[in-house]
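Okay, structure first, notes after.
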Amino acid sequence: MEQQATLDLLYVAAFFLGGLGFAVGPFVIALLLAPRSTRNTQGKTKQLIECGMEPIGDAWIRFGIVYYLYALMFVAFAVDILFLFPVALVYKSQTLIGALDAFIEILLFVGILSLIIIYAWKKGVFKWERKIYSPR
Amino acid sequence: MGTQNIQPAIVQFAQLDKLLALGRANSLWPMTFGLACCAIEMMATGASRFDLARFGAEVFRPSPRQCDVMIVAGTISKKMASAVETLYDQMPEPKWVIAMGNCAISGGPFVFEGQYGIVEGADKLFPVDVFIPGCPPRPEALIEGILELEEKVTGSRRWPRVEVA
Amino acid sequence: MNCAALKEKLAAVPEALVSETDYARKGFALEVQVSPQQLVAAVSVLDAEGFFLEAITGVDWLGEQAALRKEAEAKSAAEAKAQAAAAAAAGEELPTAEPPAEQGELPEDELEAVYDFNHYESLCRVTLRTRLPRSKPEVPTISPIYPGANWHERETHDFFGIIFVGHPCLEPLLLPEDADYHPLLKDFRP
């Protein structure tokens, strides 16, 4: 039992390290292989990009509040997916009744969560409001 | 004027250079820098008939930080010169410049005694690697320019040069 | 709205000279010459009639006064000659020719601002012209009436040096920002 647990832990650790490698690897490779400076004519290499012009104002601007609602929807369904992972482990069953039982349970779970979409729809979250700002 | 020696990479050896040069040559990402009429020909080259995507160069990036090659397509007016130089500065190494069309090579048809408006050639601002003459050059000429640049980067040409019989 | 009614309204603007031209030859149906002070009034008339602005440009009339004087001198000389020839043919005594009038200083040459207007629904292109003295080429801006004139006036200022009084921002549009020369003037030497 101990050995099985350790082995499982090893698998998880291997996956974790692999993921980390995928994420951090390109940064390290680029750091090692890229030239460290660039030829320039005006010394404007570090300037913020504004299509060749002098930047006007800051990059941290106010953006529309409707994006917050999209993010909220995403978070809700991401948590939904999280719950489906452990379900996959107990899904298989020997008998048809057992399988159907599990299937209907998961269907109910997802169905109740999908009421979120209907609620959001009715509230108008999915309608992209084109806000006409006040005339000058 | 843009000819400083640049600090090379931390890790560098010949075989890796060859591999990287191969990779870079076959996926040159141009910057959308169409200034005038040559821009139309550049767009035509990127479109379906004269496909630039088959050479890996279809991904035209508007941001200089993400591209390898700046195709200066069109006349550089004196007012625009500072913007062009700024964008050249903001491109990371390794970078190349293609001067497309007569205006980018030497001012083109707008050069006369006492002209007040244009910069006579992109190489007055920064070093240029490939010159593509024409007014405007045909899309095939731009493709030939890209192939020339690939040859300059890797040392070998993708297709043999066409000999006119 | 037809061209004839518009002509009446424009003629009502003081010091305006309205003339109908051959559209097929000149490309515009009405040509209006106004003074700089009456420009805004004339443009308001056009705005009320629903015209849109097509372009603003300038003309440099350098050398016009000299050429006009030369033409006048040549004409009077030719007249005198014709008179003398007629008198000689008739055998009459000719009164001694008066010396030509003492010519004073040439009046100053002028710059001209040209405004083209057009109408969406009916065919009536109108050209508005104002003459300005070359040493002080100031004309009121029409950008409060036609906001699109903002850039046209900047370009005209860029290339001719005509100053549009009251313009919010008369920076060079096509020339570099620090340009202090006006290339389309006839005495521009690079």
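We just call them A, B and C in the order they show up, numbering each chain from 1.
In this text, contacts are C-beta pairs under 8 Å (C-beta built on N, C-alpha and C of every residue); 3 or more make two chains touch, one makes a residue touch a chain.
Note that the coordinates shown come from a computational prediction; the quantities given were computed from them, not determined experimentally.
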>> Chains as vertices, touching pairs as edges: which of line, ring, star, complete or other describes this one?
In response: line
>> Among the chains here, which has the CA centroid at the largest distance from chain C's centroid?
In response: A
> For the chain pairs B-C and A-B, which is connected through the larger number of C-beta pairs in contact?
Replying inline: A-B
> What is the distance, in whole Å, between the centres of chain A and chain C, each centre taken as the mean of its C-alpha atoms?
Replying inline: 66
> Using mean CA coordinates as chain centres, what's the chain A-chain B distance in Å?
Replying inline: 37
>> Taking the mean of the C-alpha atoms as each chain's centre, how many Å separate chain B from chain C?
In response: 47
>> Help me check something: in the complex, which residues belonging to chain A touch chain B?
In response: 31-45, 47, 49, 51-53
>> Taking the touch rule as given, give the residues of chain C at its contact with chain B in the complex, in rising order.
In response: 172, 174-177, 181, 183, 189-190
> Where on chain B does chain A make contact in their complex?
Replying inline: 1-4, 6-12, 16, 20, 62-65, 80, 82-95, 125-127
> Can you list the residues on chain B that touch chain C in the complex?
Replying inline: 77-79, 114-117
